[in-house]
Amino acid sequence: MTRRRQEGSGTPGAGAPALGVPQPLGHRCWALPEGYIPPASTGPSPQMTSHETICLLNASPRDAEVAIHVYFAERSPAGPYRARVPARRTRHLRFNDLDDPEPIPRGTDFASVIVADVPIVVQHTRLDSRQAANALLSTLAFPVAESPA
Amino acid sequence: MTRRRQEGSGTPGAGAPALGVPQPLGHRCWALPEGYIPPASTGPSPQMTSHETICLLNASPRDAEVAIHVYFAERSPAGPYRARVPARRTRHLRFNDLDDPEPIPRGTDFASVIVADVPIVVQHTRLDSRQAANALLSTLAFPVAESPA
Amino acid sequence: MTRRRQEGSGTPGAGAPALGVPQPLGHRCWALPEGYIPPASTGPSPQMTSHETICLLNASPRDAEVAIHVYFAERSPAGPYRARVPARRTRHLRFNDLDDPEPIPRGTDFASVIVADVPIVVQHTRLDSRQAANALLSTLAFPVAESPA
Amino acid sequence: MTRRRQEGSGTPGAGAPALGVPQPLGHRCWALPEGYIPPASTGPSPQMTSHETICLLNASPRDAEVAIHVYFAERSPAGPYRARVPARRTRHLRFNDLDDPEPIPRGTDFASVIVADVPIVVQHTRLDSRQAANALLSTLAFPVAESPA
């Protein structure tokens, strides 16, 4: 007997392994020390606008409520910013677009902690088009282990 | 007594440590929240065509059957896409080339979950040549822990 | 009963999940095998100056004392360099700016180990503007597991 | 009583925490599914030559013997390539320079598994200067858990 159910396991031919998506998948807290919205851009908007993005994957069968806590060098944290990722959906959220309770300042170092009420997976991507060609970076966020209850 | 066999351990000189490849190596499920096929390219095809790639390493002595589940922001998931990675081989698969059961749309945010029937390792790379020079990003995918049976 | 307290949990509406930041968050030791300060730059200083950065997130309610140990290919290690990250703050530290006990040489391969007295999270970012457009890389550092006491 | 010794712990002032480097630090096996040596370059050699690098950090007090196993899509694995990383040193090794037992082909997909006889940390970096400005990618390699003996 396993703790894990299979979701969306497709319909392979007879004899093929099922290879469905295991549940739960991910963590409920992720941390990102790097954050910076480049204050300038080159190229057409919005695709080539310099941006800082968190990509949220909710592979679970339940909608996820997400809170984003933003940390700075010289002031107390902002947020939490609230977002929702529906069941079995991804959402690529630009920090540029967050404005409730306050916008994220451009050209300023920040960090973030993302907390959800169901397990998700979080990846960080920046497109920096300040100079003539765009640059990219990406990394998974740091998955925070759940403490034993 | 160990659970782990040594594969492909080479032929070091007498007295040198063997340093073979331990088995099993990797996980059977990996998640990638970031996914985007840039809709334009600059430079010669196919090398400089903008692409989104998953690199699959099967260091095991058994062929791997792989299923790729693709998640979107506004519709239900696509796939699973099926692939095979032979024993002791790597396969660098472009999302651009997936078309069964349907192509992956360009210029659209997606995410993916990769499930295999033997342990593998998965890394994500994008080449974006929309502007005059190419940009690159890469990160390991998130390894999903196996639940205790 | 849980080992983990909630910090900065915001003020969601009635019935919404709290989604505060769990404590502790992170590790006390992180390693970064890659390190290189590009010896040239293109574009305005200091934003586009080629740099090698470690982003430190201290989401805890206590100030963090940090020591940075720097390793080279052909000489004994330098440091430790000392830094402080206040409680609930982030600090993005350029290796370019470290000079006590000695500056980090430009154009030279190095690696680093970051040790703190409270759990933190560490991410590595380089901006390389040696050529006409800047390039970026980023990855989380490697979290060193605490040994059982 | 702890299993972990402190190495290179510096000389903080009286009352400051020691913050030395814990031992052991890292893993003895790492995997990298992505590998590709771009077959062309723009700019001065060797700094701007397109290259694929593994950065090895040996923070331990013992020299490390390293074996690199290279996997391909369509042929059996090459290697192992042998390297040494002295105690408390880093080594940034270009796949471009490996030639014993055979060179790594350019413009060809590969993957690698790095095995050492003491714990190390491994990070992967590529500089791609095929087009007018260089692009960079970097990620930690995948740390393979030691099986219980």
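Letters are used for the chains, namely A, B, C and D, taken in the order the chains are written, and counting of residues starts over at 1 for each.
We adopt the following convention: a contact is a pair of C-beta atoms (placed from the backbone, for glycine too) under 8 Å apart; a residue touches a chain by one contact, two chains touch by 3 or more.
Worth saying up front: this structure is predicted, and the values here are computed from it rather than measured.
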C-D or B-C - the one linked by more C-beta pairs in contact: C-D
Interface copy of B-D among A-D, B-C or A-B, judged by whether over half of the contact pairs recur: A-B
Chain separated most widely from chain A, comparing mean CA positions: D
Same-residue or different-residue interface between chain A and chain C, half as cut-off: different
Inter-centroid spacing, chain D versus chain C (mean Cα positions, whole Å): 20
Mean-CA-position distance for chain C and chain B (Å): 28
For chain D, residues contacting two or more additional chains: 132-140
Chain C partner contacts - residues on chain B that touch it in the complex: 132-133, 135, 139
Chain D to chain C touching residues, read off their complex: 1-4, 8-10, 12, 16-17, 19-22, 25-26, 42-43, 47-48, 55-57, 59, 88-92, 121-123, 125, 127, 129, 132-140, 143
Chain D to chain B touching residues, read off their complex: 29, 31-36, 65-67, 69, 71-74, 76-77, 79-80, 82, 107, 109-111, 113, 115-117, 124, 126, 128, 130-142, 144, 146-149
